[in-house]
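Labels for the chains are A, B, C, D, E and F, by order of writing; each one numbers its residues from 1.
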Amino acid sequence: MEKWLKSLKTKTPQEGFELAITLSQQGIKYTQPSEAIRKKLRPKYAKDPDSLIAASHVIAVNYQTVAAANNYWRENLSYSLK
Amino acid sequence: MEKWLKSLKTKTPQEGFELAITLSQQGIKYTQPSEAIRKKLRPKYAKDPDSLIAASHVIAVNYQTVAAANNYWRENLSYSLK
Amino acid sequence: MEKWLKSLKTKTPQEGFELAITLSQQGIKYTQPSEAIRKKLRPKYAKDPDSLIAASHVIAVNYQTVAAANNYWRENLSYSLK
Amino acid sequence: MEKWLKSLKTKTPQEGFELAITLSQQGIKYTQPSEAIRKKLRPKYAKDPDSLIAASHVIAVNYQTVAAANNYWRENLSYSLK
Amino acid sequence: MEKWLKSLKTKTPQEGFELAITLSQQGIKYTQPSEAIRKKLRPKYAKDPDSLIAASHVIAVNYQTVAAANNYWRENLSYSLK
Amino acid sequence: MEKWLKSLKTKTPQEGFELAITLSQQGIKYTQPSEAIRKKLRPKYAKDPDSLIAASHVIAVNYQTVAAANNYWRENLSYSLK
């Protein structure tokens, strides 16, 4: 497998959200490695509201992980305790 | 991608809930970027109780993240330890 | 938007559960703001066991948030450390 | 509403699991308060494997809350720090 | 109810996973206590990929609980701080 | 049962993700032990977008566990406190 994930650390909450999207897509890629098949499926689920809500759900779960890994992008603790 | 998320910090629990809604919508926008298509889908899922429950579920997951990021809007820890 | 959520703090675990229900309902209200439509949908999902289980699932997720916010209604930490 | 939940505290992990079941049932009761209707629905979902898996899922989510509230029934912290 | 759960503590991460499976099965048993009916349902869901994914999902949620209870089978903290 | 899981510890976040996939697959294997049947089901769910999203969801839940177990692959705490 190629290297696609170096760290869960991101600079901003939005970049973290985009990393959560990458994680969600990778969960699909590992299960269906063929890009050709994935592309063929796309028009279907991208127009099905329940599929879109389900996709957003997976992103939300992965975002919990990324946000926790970044300590919710809070200011550095040692600094805030000064 | 435009900048749509600066911080997970909100002033109140209700603003946090509204941010959780934004996160849930963004999860859908990244998957289906066309506003025209999303608008067309809306009448369908907004009248389907299972879609509405599923949407509320995604919001609940994102609210967990936002609430944790805000330390559940508890009073400041350094203050409460005095 | 009207103000409907002041705090995640509740006096008892049961009030916390009822707040989790409110959060779950609000997730639906923000997605379908029309009370008339929501009322029309109610007879359908309230008699569908899978919808009821799904609704209970959303409440459970929101209850995790409310319970954590209230530190699970444990006795005050500073007291228990005495 | 009658009082049905006094505390998330339980003596054993199994009692905690049974409390998680109660929480899951209450999530359904608040959504469908009629006992007559709930009884009528029971034969359907109790023979549908997907409904049973979904019910077990809700119990699992509530068990996370109950288990955290009981600090996973670990030995008392103040004792283990001696 | 018979006693089926003494502790969330397990010796290894794999035993913890197997306990998570037990918890998931118990969630089903409490909802459908008849072993005869559960056995009849088994051939159906065990050949339905979506049921299998849903079952794996419940196990994953219960595994979060068991893993947290065992502090993820990390070495003992007091030892690692020496 | 053969031994398939020694530790939740992984060297990198990507290896952790791959362990989350293993956990998700094991959740299915324990429920449907026959490899012949699992292989027969594969073509179906691997071409169904909703099954793929559901599979990615399970991986996301297991990844939360693995990531927490690895303290999100943050630098060692005792080091960062120096």
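FYI, a residue touches a chain if its C-beta (ideal position, glycine included) is under 8 Å from a C-beta of that chain, and two chains touch if they have at least 3 such contacts.
Because the structure is a prediction, the values reported are computed rather than measured.
Shared contact partners of chain D and chain F are E.
Fitting chain A to chain B on C-alpha positions gives a rotation angle of 60 degrees, to the nearest 5.
Between chain B and chain C, two chains of identical sequence, the interface residue sets overlap only in part, with shared numbers making up under half of the total. Centroid to centroid, with C-alpha atoms defining each point, chain A and chain D lie 30 Å apart. Here the spacing of chain A and chain F, counted between their Cα centres, is 15 Å. Mean C-alpha position of chain A lies 26 Å from that of chain E.
Residue positions 48, 50, 54-55, 57, 61, 64, 68 of chain F each touch two or more of the other chains.
Taken together, the touching pairs link the chains into one ring where each has two partners.
From chain B, with the walk directed at chain C, the chains encountered around the ring are B, C, D, E, F, A.
Across the complex, chain F meets chain A through its residues 12-14, 17-18, 21, 46-50, 52-57, 59-61, 63-64, 67-68, 72-74.
Across the complex, chain C meets chain B through its residues 1, 3-8, 23-28, 30-32, 37, 41-42, 44-45, 48, 50-51, 54-55, 57-58, 61-62, 64-65, 68-69, 78.
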